[in-house]
Amino acid sequence: MDLVVINLIDGLVTGLLLFMLSSGLTLIFSMMGVLNFAHASFYMLGAYFAYQISLYVGFWPGLLIAPLIVGVLGALVERYGLRRVHQYGHVPELIFTFGLALLIEEVVQFIWGKNIVPFDEPELLNFALFSIGGNAIPAYKVFMIFISIGIFLALLYVLTRTRVGMVIQAALSYPRTVEALGHNVPLVFMGVFGVGTALAGVAGVIAGPVLGTFPGMAFLLGSIVFVTIVIGGLGSLWGALVASLLIGWLTTFAATSTFEFASLLTAIGLERPEDLSESYIRDLWTLSLPQIGPILPYILMVLILVFRPFGLFGKRDV
Amino acid sequence: MNAPMSKTAVPALQLEGLRKSFGRTEIIRGVDLSIQRGELHAVIGPNGAGKSTLFNLITGRFAPTSGTVRLHGTDLAGMAPFQINRMGLSRSFQITNIFPKMTVFENVRCSLLWSQGYRYSFWNLVSRSRELNEGADEILEQINLTARRDLPAGVLSYAEQRALEIGITIAGGADVIMLDEPTAGMSHSETDYIVELIRKVTENKTLVMVEHDMGVVFGLADRISVLVYGEIIATGRPEDVRANPKVQEAYLGAALEAEH
Amino acid sequence: QDIKAAFIDPLSGPFAATGSNGLHQFQFAADRLVNEKGGLLGGRKLVVDGFDNKTSPQESLIQLQVAIDQGYRYIIQGNSSGVANALTEAIEKHNKRNPDSRVLFLNYSAVDPALTNDKCNFWHFRFDANADIKMDVLTDVIAGNKDIHKVYIIGQDYSFGKAVSAAANAMLKAKRPDIEIVGDELHPIGKVKDFTPYARKITAAGADAVITGNWGADMLGLGKALVANGYTGPVYTYYAAGSGITAAFGEAGKGVIRLVSEGQTNPPVSDVASAYYDAYKAKYADGNVDQTRITNTIAMLAAAIEKAGTADDVVAVGKALEGMELDSIWGTKLFMRPQDHQLIQNMHILQHTNEGVTYDYDNSGFGVVVESTVEMAGMDSPTTCKMDRP
Amino acid sequence: MLEVTDLHAYYGKSHILQGVNLSIQEGEIVALLGRNGVGRSTTCKAIMGEVPPQGSIRFKGTEIAGKKAFEVANLGIGYVPENRDIFPGLTTRQNLILGLKPRQKDGQGRWSMQDMFELFENLKNRADVEASVLSGGEQQMLTMCRTLMGDPDLVMIDEPTEGLSPQMVQRVASLLQEIARRGIATLLVEQKLSIALDIAHRVYVMGHGRVVFEGTPQELKAREDVRKEWLEV
Amino acid sequence: MTDTTHKSAVSTPASRLTLGQVAPWLFAIAFLVLLPFVFKSNAALTIMNQMMITIVFALAYNMLLGQGGMLSFGHAVYLGFGGFMCMHIMNAVEDNGLPLPLPLLPIFGGLFGLGLATIIGSFSTRRAGTVFAMISLGIGELIAACTVIIVVLFGGEEGISGDRTYGLPVFGYEFLQQIEVYYVLGFWTVLSALLMYLFSRTPVGRMANAVRDNPERAEFLGYSARWVRFYSFCASGFFAGVAGAMVAINYEILTEQSMSATQSGVILLVAFLGGVGFFFGPIIGAIVFTLLQSVLSLYTEIWQLYLGALFLATVMFFPGGLAGVLMMHVPVARLGKFGLLVMPYIKTLLPALVSVIGVSALMEIIFHYRHAPPGDEEMTLFWVTFDSHNLLAMLIAFVVAAAGFWVAKRNSGELRNAWHAANTPDGGRA
């Protein structure tokens, strides 16, 4: 029973972390229509910047400064790269971010080397807040929960209480007309991209110490963030939140489950062969749920897209 | 021109009790209409009356909430646009709907493929078929776009795109042709030209047309239906409709005089 | 004319760190053990050049072909048994089809037992202990620790992880039937973002010890999650040191992380070894000698070439390597078992700590110190290898 | 109010505008007539800065040639493009809100959303549906209203009556006159001569990228030759 | 056009093949046949084989992206599946002594690719756009994950290997040597490319373009957008499978890498680099990319940095890809004004090249400076050996880069003018 409670908490943490990442992407993807494949790379940059900063002034200033730098970088990328590519259409944009991801990974290796860097959580939060059934809940995780919720509320405000969202959505189809109505579209695009990447930066600073800060960290999260926002439904912040939590819990429970597919096979009347190497389904006999845990979100996404192409909360076609 | 055919013939297009709601608003509120083979029929009505929606219901773009649509006697319920098109019904769009990245020639040639029996074949080469290429060029000639043949359709001017829109619609040689505001955005001389063209290509065919240009409507149509708030308030010969006081009030207003 | 060895390993991509560290150690070893002493066969230098295989079997085959064309006759590889399996087959075919340009495969780190069992061939030599031998050593230690009653086995879902699991199960059962294996599972390789759920499960199962073959980010993630969850028992590992991992564990890994490995750098075994290490540090300030088997590989290759009297006839060199015995500067005897080309050497259990560390890793103050030793481990471990010799 | 002198514009290398001169006073309706493709829309676009203009465009005394479209708009020029450009995915109401200037609130200008709904009942009924499903005519109305929401001092309207029913055409005509009464200058690009001649104070006729005639509607009616050569009627 | 077409008007193509249509293919065949006489080494052959595999795969991919407007993030799955099945066939043939000549293997690869595509396509092609892209991503990840889980079929991370010399020599060839394999692959490359080219000229192929541009309108022309997509998808799966079989023949091993998301991403980049808007674009992309990946990585450790930069540069400045750049010159050539461009090109591109060399030299020096062990500070760059810790070297590289850039920039105006001039027919519309 304890394990279930623990899993709920762990899943929440994982989910909210995912949400931090996907909120920025949702912002960018749904508003600008840019499938930003470099999003996770900005997340990585956040972690590395924070690490570098933490070497001089500790963790906390990094939490503030690193996302800022990432955001400015993102804005510059928009200004001098994406904006140019935008006119050619979505696929070139995507390729652009693809190339960017490649480049950022290389640059990170160029600067910080290929090894894992020792980026740790701040001393202040490096203790177990409480523990359930011998499992410690680190204070840092609780801190993560609060930050994510804060981000969610702030974004919700910006999206529902300001005109920015509408301007961008309109500009997607007719940028010139929106400009002719007096809106500075390029500036708004730059801002959105900056904010989106800065959010990725925040996620990087926070996740870096827990998930490890190394050049492959971006690749690891690269596609799962897309899965999240697609499941949630494009343009829906609530969708991103729900999908993140769903994925968080799904993967957490899958990882801790002890379900074996063998039991399923026995249930349908098959008998475990003496010599597994003879059986064509020998892999099924030894398969367990944790083994396929990380691909569950993809299965979920495909199913959702086949039966509900708008995602869970989306109103329009993804 | 073509007098309505005898009562016994199956109508080209027959609508019965057609209704369509979007959410709680009912846009088409029970339309009954029967259009004979060879008839040139115009649908007029105020903006937002549901004319384009009616087109969309007939061509399978929307599914009706209730009621039936019959094409040459066949119920079209549940059919997709491509299935309806294969039965010989072709339409144009009020808001230009072409293939912007393909050349003008390709646009037209693609619209010939199915009707010339090429279907999903991957054993024929389109460039080797004389009838396809000549047919496409002929259409281009007709809509005056031969000079623009090899340009991507997206760079044509607005009026040229409208012409292409019509070209694509008539290319397949369907026997029921539906045109949604074919002359919108065209200048006087171009309008006259297009009207002539429509008259020519719809000879012995059925035409359903939506237009706000009364000159075009009264010059072309055998019969006119007036759609107001999703209901047909009058159907008949042009003179009758023009004289109908309800129509004058709901639609034509004083504008008719000012126009011509 | 130089004797050329091609180092085909990842120099870019996620495993680049291990790859480039390995390359540096090879080049250093070649210089220090051979070239600075006047070369081989009366003055020929031994050079090791890097070929980036991006950890891809296919790309490895391309690079193999390139290397062979450029006159490389010694192929060095170690990262990922998957690549090693592809290479050993490709090399066997190549040598059969092109007798004029045969090459030897010096495997310094791919430990899938199959390479010296069912898939063995004359051209392949392994300088690391294979997974079974390592597990034998590990389970000896566990068997000797009466405090351990419950063991959890976790690994990456691929051939090496499965080999570790199979060996652990079999050997624990044989050596300590009373030990309960409370968990035995595989997780997808390189895909798990957060190991916390696994750590929870391990704690919940009440494990006294954990055995894992994880490496890279998977090792770090698992270890950190365990520690963060309050786990205090030993974690027996294969690859939890160097390449940034030691630094990243830092204080948290102390008393927890154990490593089974051939290398003894702490405490240093001899002045020669210390001098070697010092020289390496002088050259690569950020680097570690975390794979002492690399030194051994070069030493044995050099000895074999000298013994064969040729560097170009790799059959002769291979024959010279077979059964060769040598003293390693790291204080162990080396014996290349002729039946399967598996190197037999002393194995150690090392402990992650900052006490008594002369040579730390990643300049972190932490390093690995020998806790116990099994001499000439796996000397008579069985093998199914049936080798055709040219 | 608006003074355009020797305006040139290009698409790629084709020279579309070849020295256009025109001016508009406060509260004046000026019609810009001409055949398809003579460059009337391009003139509007050049003034807005959507097509790079060469020459001088002075608005309320400021040179605006070379300014960005949103800067021009914020100076008080409104533009209703010919192809409607309804923002799909936004509702009618949201489309109207986007007409407001960045820091402007509804009701601050000459026109409020309420006014618009009163003017065109169709829009009111359709206020909260996605605007892309509006009928062609409704979209035309929406575009016009959207621009008015931004409270421009000068509006350029490109073919406002296209696709409108005869009745609605009348309505638009009176709206244009109402606009003028509120002191707003209008540049009207029209195909339908009758309307243009009815409501315009002055007309320009364009041909081949130049203004070929300038005068009052009465003068134009009198000039058979101009109408034949440049307007085909 | 050529003289054989004189009779027919521009609009009606001759019903006989024209030399203009056949010439590129004959040229390609001749080129492929002769290439091994220039590049004889096995390594060169291996790289050329890899190139041909990438060509077929990239062309197959572009049937989706370029022609059908379907952005796939998981196309490696079909290549991999075809390849794996071919490995199994190869092993089965060897074990059972079946009489299946090796050169026929690609047919089976294609059929298996087609089979899988039929299944997946049946639901993934219902929609285009992001839905399709994301389903392909999901399916790609799913099947890629299966490769390590389902060991029976995919052999885990070790993959499945076999021996192509399984007997049954074809015309006395046993495929022991790379050169023999080269010609087998060459044959299949030409054949597949030709078939794919012809496919793009068939009614389905044409409609794929139409559906890409405007699926809704296509439906009103009698075509179901979904079926058109489905057919393109299946055809693409077939040729991806052929490429997979080529992998099997060339490497005699297939591993999960061939099916991985990385591989799927790479092929997208390759196709785009070459230019998705042109049939032959992906061919160029495949050649350039393979060279970069296999050859550049021999010379520098930071090749991926260059690769990333190249992609960014391509997408920012040449959205039509390399083929787009080439095709930009067709109008110029038609006007016979190519001569106008030669000097300006030399004057701009040469310094630009120098600048690029300077920048890369700078990168290399910095890289060496940061990573070279002390005492080993010598580096060789462009046949010059120097001390990377010597500031002078960096300075020189920087000056070269800056000077090149400056000259190129200064001359670019001239190039722009020349470009205009070359594109303007004497006294006509542009």
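All chains are identified by letter, namely A, B, C, D and E, in their written order; residue positions are counted from 1 within each chain.
Simple rule for what comes next: a residue touches a chain if its C-beta (ideal position, glycine included) is under 8 Å from a C-beta of that chain, and two chains touch if they have at least 3 such contacts.
In this text, all values refer to a predicted model and were calculated from it rather than measured experimentally.
Note on connectivity: the fewest chain-to-chain touch steps from chain A to chain B number 2. Distance between Cα centroids is largest for the pairing of chain D with C. In terms of the distance between Cα centroids, chain B is separated most widely from C. Of the two chain pairs considered here, B-D and A-C, the higher C-beta contact count falls to A-C. If you average the Cα atoms of chain A and of chain E, the two centres end up 31 Å apart. Chain C and chain E have CA centres that are 37 Å apart. As a whole-number value, the distance joining the C-alpha centres of chain D and chain E reads 49 Å.
Chain E has its Cα centroid 45 Å from the Cα centroid of chain B. Across the assembly, chain A contributes residues 291-292, 294-295 that each touch 2 or more other chains. Shown for chain E are the residues that touch two or more other chains, namely 145, 149, 304. The multi-chain contact residues of chain D, meaning those touching 2 or more other chains, do not exist; every residue touches at most one other chain. Of all residues in chain E, only 41-47, 50, 145, 148-149, 156-159, 161, 163, 165, 176-178, 247, 251-253, 255, 257-258, 293-294, 297-298, 301, 303-304, 373-376 touch chain C in the complex they form.
Every residue of chain A that touches chain C in the complex is listed here, in rising order: 2-3, 6-7, 10, 13-14, 17, 109, 113-118, 120, 128, 131, 133-136, 138, 210-212, 214-217, 219-221, 224, 251-253, 255-256, 288, 290-295.
Partner chain B is touched in their complex by these residues of chain D: 35-37, 82-84, 122, 125-126, 129, 133-138, 140-141, 159, 162-170, 191, 194-195, 198, 232-233. The part of chain E that touches chain B in the complex is made up of residues 11-13, 15, 198-199, 201-207, 209-210, 212-214, 216-225, 227-228, 231, 235. Within the complex formed with chain E, the residues of chain C that make contact are 11-12, 20, 24, 50-52, 54, 56-59, 61-63, 65-66, 68-70, 80-82, 85-86, 89-90, 93, 97, 112, 157-159, 162, 188-189, 191, 282-285, 287.
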